[in-house]
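Below you'll find the structures, each written out as structure tokens.
Here chain A shows up in two complexes: once beside chain B, once beside chain C.
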Partner chain A sequence: MSENILEVRDLVVHFETDDGVVKAINGLNFSIGREKTLGLVGETGAGKTTTALSILNLVPNPPGKIKSGSILLDGRDVLQMSDKELEQMRGNDVAMIFQDPMTALNPVMTVGDQIAESIQLHQFVSPKDAFEKAKEMLQMVGIAESRAYDYPHQFSGGMRQRVVIAIALACEPKLLLSDEPTTALDVTIQAQVLELMKELIRKRHMSMLLITHDLGVVAESCDDVAVMYAGKIVEIGSADEVFNQTRHPYTEGLFNSLPNLRERGEELIPIKGLMPDPMNLPEGCSFAPRCPYATEACEKQPPELRHMGGTHYVACDAYNDPDFCLRRNSHG
Partner chain B sequence: MAENEKKILLEVDHLTKYFNTPKGLLHAVDGVSFQIEQGKTLGIVGESGCGKSTTGRSILKLIEPTSGKIIFDGEDITKYSKTRMRRLRTEMTMIFQDPFSSLDPRQSVMELISEPIREHRLLRGNDAIQKRTLELMDTVGLAQRFVNSYPHELDGGRRQRIGIARALAVNPKLIVCDEPVSALDVSIQAQILNLLKQLQKDHGLTYIFITHDLSVVKYFSDDIAVMYLGQMVEKANSDELFRQPMHPYTQALLSAIPLPIVGKNKPERKLIRGEITSPVNLPDQCRFLKRCDACTKDCETGKNPELREVAPGHFVACHCV
Partner chain C sequence: MENTNKTGNIRQFKGRSLGQETWRRLLKNRGAVVGMIFMVLLVIVAILAEFIYNYDTDIVAQNSKAIFASPSAAHIFGTDQFGRDIFARILYGARYSLLIGVGSVAFGLVVGMILGALAGFYGGVIDNLVMRANDILYAIPNIMIAVVIVSLLGTTPFSLLLALSISAASSFARIVRAAVMQIRGQEYIESAYAMGLPTWKVILKHIIPNCLSPIIVQVTLAIGSNIIAASSLSFLGVGVAPPMPEWGAMLSDGRPYIRSAPWLCIFPGLAIMVTVLALNLMGDGLRDALDPKLKK
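The block that comes next holds the complex of A and B.
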């Protein structure tokens, strides 16, 4: 048994469109420990969802193409699996929760049947037993058994997301991929759903990859954090390391853009400019054009992840200068 | 009046909007009252279905209110017809949430921004209109090279800048911003929030800022009103509300925000149970009753609580406060 449930090594995914090659993921490296939750943070277009789809080997092809790299799930490379093995792996070993529960559910099937369906697809059980199991799953996510006969439109957004969670967990996967699971929900409901997910994952000894753009959600539920920018990890480490000893200028920029609830500042400090066009990435560090610390050297060569102590890694060549320090850290 | 610097730009008095549905009367907005001074921002916060957008739209009379009074700049506009409202459309306008669906995909940036100017005949002659459009693009920080672009060629932040330029084109006094940054990434969100704040300073604008995001509203508003099931449950100065939230719902809402803090400074969270109840055929009872941990016998037998001033400028609708 390998130490990590998931290891992604040098992953490169491109989308080959008529207009050119979209470089969605450019050499991605990270791993998730057993019974750990890794938060994958980044803005629209950073490649977060493509990462999740790659783990399931579900990148739409064409136009998507996994160019190179390996994805070791429990020691086995997902990218080398046959269709049959993939079918076995999806649902049984890895399950995914999507952002929008309304489009993830079948509107003309009762929720009980939908949960039972996923159980029957992956396990040898009679339809009756599957439905009984489905009812149990509903109870587990805090929905009354009797509602197994209702259709998705009869549920609220938060309830629907609970149903989606029940479906994902029905086959007891080892790894759960959650793509913005609470983004479509109201804050009070978001808090409930996050709490529920945390509890279920702990009880069932699962690992999770939580994809989100919300640093608050990460702080709430993740052990480790990876910050993604233009298809690469720019900073990775434990939540404590990334939040309290932030190292990458982009991560610092994300924190500065957040309105602070504690103090009411006069002005937010946005990150200037926009995410680079993934068809036309800069030659050097892809964050250099927006980076307040960038030097000429940054524009020439892309930085490699470097070790900063503990489990903390950062991809920034400013640290070639041993005295370099982000403004966020300089005043205590 | 001359020495009185505070000028009330908008006054809303017991505004209600009911919708008839097959299941009964839906109380979307139920007796909402507030005032806004010129140049200030009122934040209206609440979760889906609390009636915040319906309130915003009723004020602009995009939706006909069921009852209540709307007094804008000294005029009672509640009973104004569509044609009479037309003149006022240059004084009060709106910025929408979704810059993807609120812009006509077949119009270029130039056409989009100049449309309100032409529509209200604010300027004559193509040259003058073009000049003003370019000026507006400058004001909202949209580079002139995009003047012939179409919305689909632009990212969300730039699209929202077009929306803001359209709202500014008519020189309004009041802008209702309905979740203007919810669809944007945080780094872009900060750019747009800074822009809106700068414009307020430069043009003396008055904002109603409708959002579900409490951190945004705190950054932005002078006063904040919290809505729940069509009613205001708490209203206070922004700092006061965050320092001392009194209504159990406000407290729960504040505590539910996931804070980007890891480690010992992280405050304890308080979850509320259940979900927002259906706004159809509501009984005359506290609407938060079923989800409230603080509720007493008085709450169960009592009527729907009214907003009361419990501290100077701090209003709460709760039996227990």
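The block that comes next holds the complex of A and C.
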């Protein structure tokens, strides 16, 4: 048994379209420890969802192509598995929660059948037992088991997301991939669903990759945080390290663009510009064009992740200068 | 058993499925109900016709004493130039029309659904092959295809059925392909894969059931149009050959006498019209019932 449930090494994923090659993920490295939750943060198009799909080896091919790298799930490389092994792994070892509960459920199947489908597929039980287990799962996520016979259109958004969670957890996977599980829900329901997920994960000793662009969600539920930009991790570390000792200018930008509860009326500082076109990434650091600290050197060579103490790593060459310090930190 | 009580309680909360919901809405549509009742009667008649009438003595046997009898109590729809009872022939003819209509659509549905699902799901080369072949079929008038097949295989009900099912297959392939392409990109399909389902199960359990509503509607409408097509081909002499009492063939037989004995044409024509109307009413009703956006 390896130490980490998931280890992603040098992952490169490209989408080869007629218009050109979209470089979605460019050398990704991270790992998730057992019973740990890693928050993967980044703006739209940073490659977060592609990362999750790569872990299931479900990147749509064509046009998607996993060019290189390895994804070790419990020591076994997902990218080397046969179709049969993949089918056994999906849903059983790794399950995924999708972003929009409105479209993630099949409208013509009862929710009970949808939960039972996964159970029946991976555990050798009769359809009847699977359905009984499905009812238990519903109860576990806080839905009356009598509603197993209902169809998705008879549920509200928050309830549907609970059903999606029940499907994902039905086979007790070791790793849960949650792709913005609360984005499509309103704020009060978000808190409920998040609380439910945290509790279930703790009870079942599962690990989770939580994809989000909501830093509040990360602060509340993650042990570790990875910040992604243009298909690369720019900063990774424990939640405490990333939130309280922010090292990367992009992470700083993300925090600056959040309203501060203590100092109301303060102006927000947005990150200027747009994310680079993934078909045409800059030669050097991909954040350099938007970075307030960028120097000429930044545009020449892409930075490597460097160790900043503890479990904290950052990809920024400004730290070649030992005196460099982000404004956020210099204020104390 | 301990569970029985529990399950018994649960049953009363059971929600209405999509099928039950559709059925309920269908029953609210008067036209569709009339159409359905007529079709049920027609099917019963078609099945019973064999027991009521003897094909050799009642349907094809000539009776020179009663030629061109106008409609009366003895012959409700009158008799034709050979003295055959038109009412009996029309009832018996329902067998041919229904068999050819339903048979050609069923055959076309199976072939069209397989090809359409493959083309829509896999796209790329398979899609191009299937759909370009389909375009070629579309470019040739259906009647031409039918004439070629019938002249190759002879004027039997089977060759007519085969000819009609080819055009049915091509239109089903189009409809299924479009529906599959739309469903394929949905998140619950991705979710089914993430659950570990193999591709064939994803197609059978998740994609096809979600494409059913346009297919069901098309089935009812296609049966109607294929009955008309079968009758037209028989009318032209490339369908079911006389003396078999096919409606189109009867219409064609009666054509020379339309001035002196119009009932020879009126009744088979009405039979075709009413049957197709009933099927179209049903199809329209189904389309409305299956489309939740039209829900009032």
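As a convention for this text, the second predicted complex is superposed on the first by the 330 of 332 C-alpha atoms of A that agree within 3 Å, B and C clash if a C-alpha of one lies under 4 Å from a C-alpha of the other, contacts with A are read in each partner's own complex, and residues count from 1 in each chain.
Please note the rule applied: contacts are C-beta pairs under 8 Å (C-beta built on N, C-alpha and C of every residue); 3 or more make two chains touch, one makes a residue touch a chain.
As the structure is a computational prediction, the values presented were derived from the model and not from experiment.
Partners chain B and chain C, once the complexes are superposed on chain A, both fit on it without clashing. Once chain A of one complex is fitted onto chain A of the other, the partner contacts of A:20 are absent, as it touches neither chain B nor chain C. Of the two partner chains placed by the overlay, only chain C lies in contact with A:154; chain B stays clear of it. When both complexes are overlaid on chain A, the residue A:188 reaches chain B alone and has no touch with chain C. Seen from the CA centre of chain A, the centres of chain B and chain C span an angle of about 80°, rounded to a multiple of 10.
In the superposition on chain A, A:146 makes contact with chain C only, not with chain B.
Residue contacts after overlaying the shared chain place A:269 against chain B, while chain C stays out of touching range. Contacts of A:92 after superposition: chain C is touched, whereas chain B is not reached.
Once the two complexes are laid over each other on the shared chain, residue contacts for A:58 go to chain C alone; chain B is not touched.
Fitting both structures onto chain A leaves chain B and chain C with a minimum C-alpha separation of 8 Å.
Shared interface residues of chain A (contacting chain B in one complex, chain C in the other): none. Considering their complex, residues 56, 58, 62, 83, 86-92, 95-96, 98-100, 103-110, 117-118, 121-122, 145-151, 154, 164, 167 of chain A touch chain C. Those residues of chain A that touch chain B in the complex are listed here as 43-44, 156-159, 186-192, 194-195, 213-220, 239-240, 243-244, 253-261, 264-265, 267-271, 274. Of all residues in chain B, only 47-48, 155-157, 185-191, 193-194, 197, 212, 214-216, 218-220, 238-239, 242, 252-253, 255-263, 266, 269, 271-273, 275-276 touch chain A in the complex they form.
In the complex of the two chains, the chain C residues touching chain A come out as 9-10, 13-15, 17-18, 124, 186-188, 190-198, 205-206, 209-210, 212.
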